[in-house]
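To start, the structure under review is shown below, and the notes come after it.
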Amino acid sequence: MSANIGNEMYGWMRDLFPLNRSITGHGTRQTLAYIKELLPEMQIHEVPSGTQAFDWTVPDEWNVKEAWIRHESGKVIADFKENNLHLMGYSEPFEGQLDLEELQEHLYSLPDQSSAIPYITSYYKRRWGFCITEQERKILKHGKYDVLVNSTLAPGHLTYGELLLPGKSHDEILLSTYVCHPSMANNELSGPVVTAALLRWLKQLDHHFTYRAVFIPETIGSLVYLSKHLDHLKKHIKAGFVITCVGDDNNYSLLKSRYGNTLADRAAEHLLRHKHSDFKTYSFLKRGSDERQYCSSGIDLPVCSLMRTKYGEYPEYHTSLDNLQFVSPKGLRGAYEAMHDVLTILEGNHTYRSSVLGEPQLGKRGLYPTLSTKESGKYSRTMLNTIAFADGQTSLLEIADHIGECCLDLIPIAEQLCKCGLFDKVNEERLVPCQ
Amino acid sequence: MSANIGNEMYGWMRDLFPLNRSITGHGTRQTLAYIKELLPEMQIHEVPSGTQAFDWTVPDEWNVKEAWIRHESGKVIADFKENNLHLMGYSEPFEGQLDLEELQEHLYSLPDQSSAIPYITSYYKRRWGFCITEQERKILKHGKYDVLVNSTLAPGHLTYGELLLPGKSHDEILLSTYVCHPSMANNELSGPVVTAALLRWLKQLDHHFTYRAVFIPETIGSLVYLSKHLDHLKKHIKAGFVITCVGDDNNYSLLKSRYGNTLADRAAEHLLRHKHSDFKTYSFLKRGSDERQYCSSGIDLPVCSLMRTKYGEYPEYHTSLDNLQFVSPKGLRGAYEAMHDVLTILEGNHTYRSSVLGEPQLGKRGLYPTLSTKESGKYSRTMLNTIAFADGQTSLLEIADHIGECCLDLIPIAEQLCKCGLFDKVNEERLVPCQ
Amino acid sequence: MSANIGNEMYGWMRDLFPLNRSITGHGTRQTLAYIKELLPEMQIHEVPSGTQAFDWTVPDEWNVKEAWIRHESGKVIADFKENNLHLMGYSEPFEGQLDLEELQEHLYSLPDQSSAIPYITSYYKRRWGFCITEQERKILKHGKYDVLVNSTLAPGHLTYGELLLPGKSHDEILLSTYVCHPSMANNELSGPVVTAALLRWLKQLDHHFTYRAVFIPETIGSLVYLSKHLDHLKKHIKAGFVITCVGDDNNYSLLKSRYGNTLADRAAEHLLRHKHSDFKTYSFLKRGSDERQYCSSGIDLPVCSLMRTKYGEYPEYHTSLDNLQFVSPKGLRGAYEAMHDVLTILEGNHTYRSSVLGEPQLGKRGLYPTLSTKESGKYSRTMLNTIAFADGQTSLLEIADHIGECCLDLIPIAEQLCKCGLFDKVNEERLVPCQ
């Protein structure tokens, strides 16, 4: 992989940072247009307001031209132009003059994080509001305030991107990330940029699985996508990952699927255990992103989420402090490599059967020392163990778990044994010679 | 529940304490007559001596008019009138004069508990004997002793009570308690009085299960009852409890069924873990009451025993020290409430299925905040978790175990979701709308 | 068992120690001839060189007349006559004069164990070599060395012994031990002598299982045997043991089968847990003897290995220090007794069903006290627990594990219950009265 991949992802993120993304609207469209330049095969879909998705309805589209609060002294308190977090997401249009007491009811700040602008939305109930730092709020002067929210909330569309990379198999791996938060870095842009980088790698790979990637607004976007494709997804998705919070430098986290035992969980946990052993595991009870939908009962997709620091577990989360300083090229690159490894495991996780009964004579193939000494039993242990458990029913990942080795180390061994004719690959219930 | 329930049960116990209960006889009949006043629906059954019950036979009926030992000096050593424990249970008639050495062979005392009269019986081998304190035994004088055991051992009946409270379902819950020990409190009367109080509560409840309660002599009584009703019980009993040792103030104990995994075990252990966490668990290897029969192989009823201090685990057990001072209204009330909670869990332990795919939009039903802030994910967690696992196959108790919440807290949530139309109840393999 | 059995086995071992065993050749033939005197029923088989056994081929037969290295000064450096370990196993013929530098390439020694002659072989690649102590190697003088390896490597036979002791059942227990190492005691001769002693005991026993014992060269011998009898073995072998390293005085070790859960594993682990609780368990990943073949996938025999100190886990292993001092009559006897106990468990591990519903009335059969006291519940616990779990589906060994008792204690109880008519034996799916 390119040594520069971290800087490249960080550059995309810097470009995308200022856009005013939401669950609908032009900011999300501009974000998807940028990603489409990186991945021209991506399709962009528009779903009209009012469309039903299970228990939910696509809301009106929201766009903002201008929004500010100005004290009668002329001082501007909060300006959308300066930081789009100042305006509560989905604020309805408003123009008027309020005194401080009236204004307070529309202001949001964080008493415990006095320098942070909070991120607040009200998608399904019409309101308007502004978010400011607690520091600014404390020094607000009495008097009259002019308020302008020049927004539109009107029938329009929800927009999302979808990319399919057909593989040798109809079995699919789902990569899902979201494009609905305004200027935040870890809990927003890290997801799309790492996903885009992974897809650019996959495009050049001769891959087994078909990859399905979606760049969607959280919750309503995954519900819309599921409601359109449920039968297909239930049939084909063998593993999936919600990619979010993958930009900081801290240890890895794994948010597991509902019962925590899908192929996606097992591959991700295996990689982390062997390569990044101080990771944290969170059960499904700690979920918070689109696995809420993918893993809900009746949908039951095998989806988990491999993150660096999990949303909700770092104080900068959902504030203006989740910015370009909170993430780094190194952090992005680490997460990219971890997901790269997980997908490599899934790609190599075939089921093999030893083609000979008893142990094969590795010595005559140059795979074992011909001289038997006190020590010779220690050589080729991993190869012999891989062979011992290759019964045509146990996948390479299961064997790796059983013998306590990293599956990434077993994949080249299995391929070598295939080349020697000692392994047959079991493919969809049929036994296939490897060559 | 009545605040006074503890005192009420204690009062019944005080009334019943003096009666000379055994596995047959008038003391047991009088006990059942008293309980029938509390529960007029109870049926009293009489089973003739000689009746076969699997490997056992109902023995002759035993009744006592008078029994004492008197030293030639005129001093009475042990008198049945004073404490019915003085006479070994099922003592055969005897009248005669013995010197001290001969008498010693018929005396029982406890060297390690010198102030306690032991409780001894010999149901299936004819003997006579007296039980005295070790203190008294040590000062017995030489000389002649007149002994009278004015008892009858003759064909008669074994007597037991049975109460059926039909519910909406033919599925049954069994409550089994025993009425065969003379004047002892925890390991005898606590069981019948707590069971009676539970049944008086159940009578007023609109309950799902049919409740079957038996007040029986231990071992031979349960064998008789099982041999008469085995097919019905095997078909209908979904959970059962042996109710004994439920009167002292100490921590709760759970004696588990043979493999420890029946619905009864799971409900009782769940309640204790969530509400009385310093309980003790005993495996079936520590059994000692009628679960010996209910859980024997070939019978296999799902029966466990929720106690306060388990029989055999307190020194007063099977002695005159297991008296009205050893138990308390508070102790009885605690056990009543624990069993009340266990039955409440079983009554509410339905299987539900979410009626929508994906997460329901709780906000539009007033069940979730409409304003999304850093904190909003924390609200409604228990409700969302209950929904997430409601797949139409997992019972509420299983969901509670999985999400680490007390099932008593999930029952009202499930009922609220039913009312909203978000949950359907799965009833005997059919899906039933809740309303 | 004979009090002298340890000395007897040690004597056999002393007789066999000097022979030059290998995977083929006269030393192995002489060893088998000696064992046949102990067990005249044993059959000796000869398999020609070139015979295919799965992925392997029986090699040429190797025999040695003479082999030595002599310095020009006349000093003999290594002489096969003195210790057959001096000659590398399967050394090809050689005669010539070399200077020290050339000779070094054919010498093997152990820098970390300077007084030990290592054991080295090269079965499948033609070489010659000598093994000496590091001490001797360090003081080798410059100059010319005469070398003679008067060996033959020519088409011949692989030789092994096979003994079948037919039992009441066609189900078989396999005992496998090897006869292919020259003068080494624990990791060679302890196996055949303990196996021979066990078979002499079994011959006198009225046993249930058919016993199949093989005395084979390691690896190639088990592969040959498996390739000839695979279908029969897969059908009939219910448990098997590789018997090796059973002569030292240290704690027991258990090398488990591939998944560690066969009947052989369970019986051996049960015995060790109850009688020799400071044993070590090794997973199949630590395998090193013929379980490598027996448990390979597609062969899947239920075979484990109960040892004292495992091969590879003691420094004397595969050196001249694994000699008659490293083992002892007491060590051999302990291993014999442990295997004797394991086979006793397997012989007694029947499945029983209680012939009465509910608990049987043990009192009327003299199996329970007729007087009920505070203590009487403690008597007959093991018998009552054995009855409670005897459901016609759970074997005695499974019951023993469940109730935490040693199966050796349950066997006589089950036999007593059979005699009383309280147990029926379940035999190959049919219920058989015991008498």
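Note that the chains take the letters A, B and C in the order they are written out, and that residue 1 is the start of every chain.
In this section, contacts are C-beta pairs under 8 Å (C-beta built on N, C-alpha and C of every residue); 3 or more make two chains touch, one makes a residue touch a chain.
Quantities reported herein were computed from a predicted structural model and do not represent experimental measurements.
Asker: Examine which chains touch each other and state the graph shape they make (line, ring, star, complete, other).
Answerer: Topology of the interface graph: complete, with all chain pairs in contact.
Asker: Fit subunit A to subunit B on CA atoms, both being copies of the same sequence, and give the resulting rotation angle in degrees, nearest 5.
Answerer: Subunit A sits rotated relative to subunit B by 120 degrees.
Asker: Shared numbers divided by all numbers used: is that above or below half for subunit A and subunit C, i.e. same or different?
Answerer: Result for this pair: different.
Asker: When the C-alpha atoms of subunit A and subunit C are each averaged to a single point, how far apart are the two points in Å?
Answerer: Once rounded, the distance between the two centres reads 55 Å.
Asker: Which residues, counting only subunit A, touch subunit C once they are in their complex?
Answerer: Within the complex, subunit A touches subunit C at residues 353-354, 356-361, 363-364, 370-374, 377, 381, 384-385, 387-392, 403-404.
Asker: In the complex formed with subunit B, which residues of subunit A make contact?
Answerer: 53-56, 89, 108, 110, 118-125, 127, 219, 222-223, 226-227, 230, 258, 284-285, 288, 292-293, 295-299, 312, 317-319
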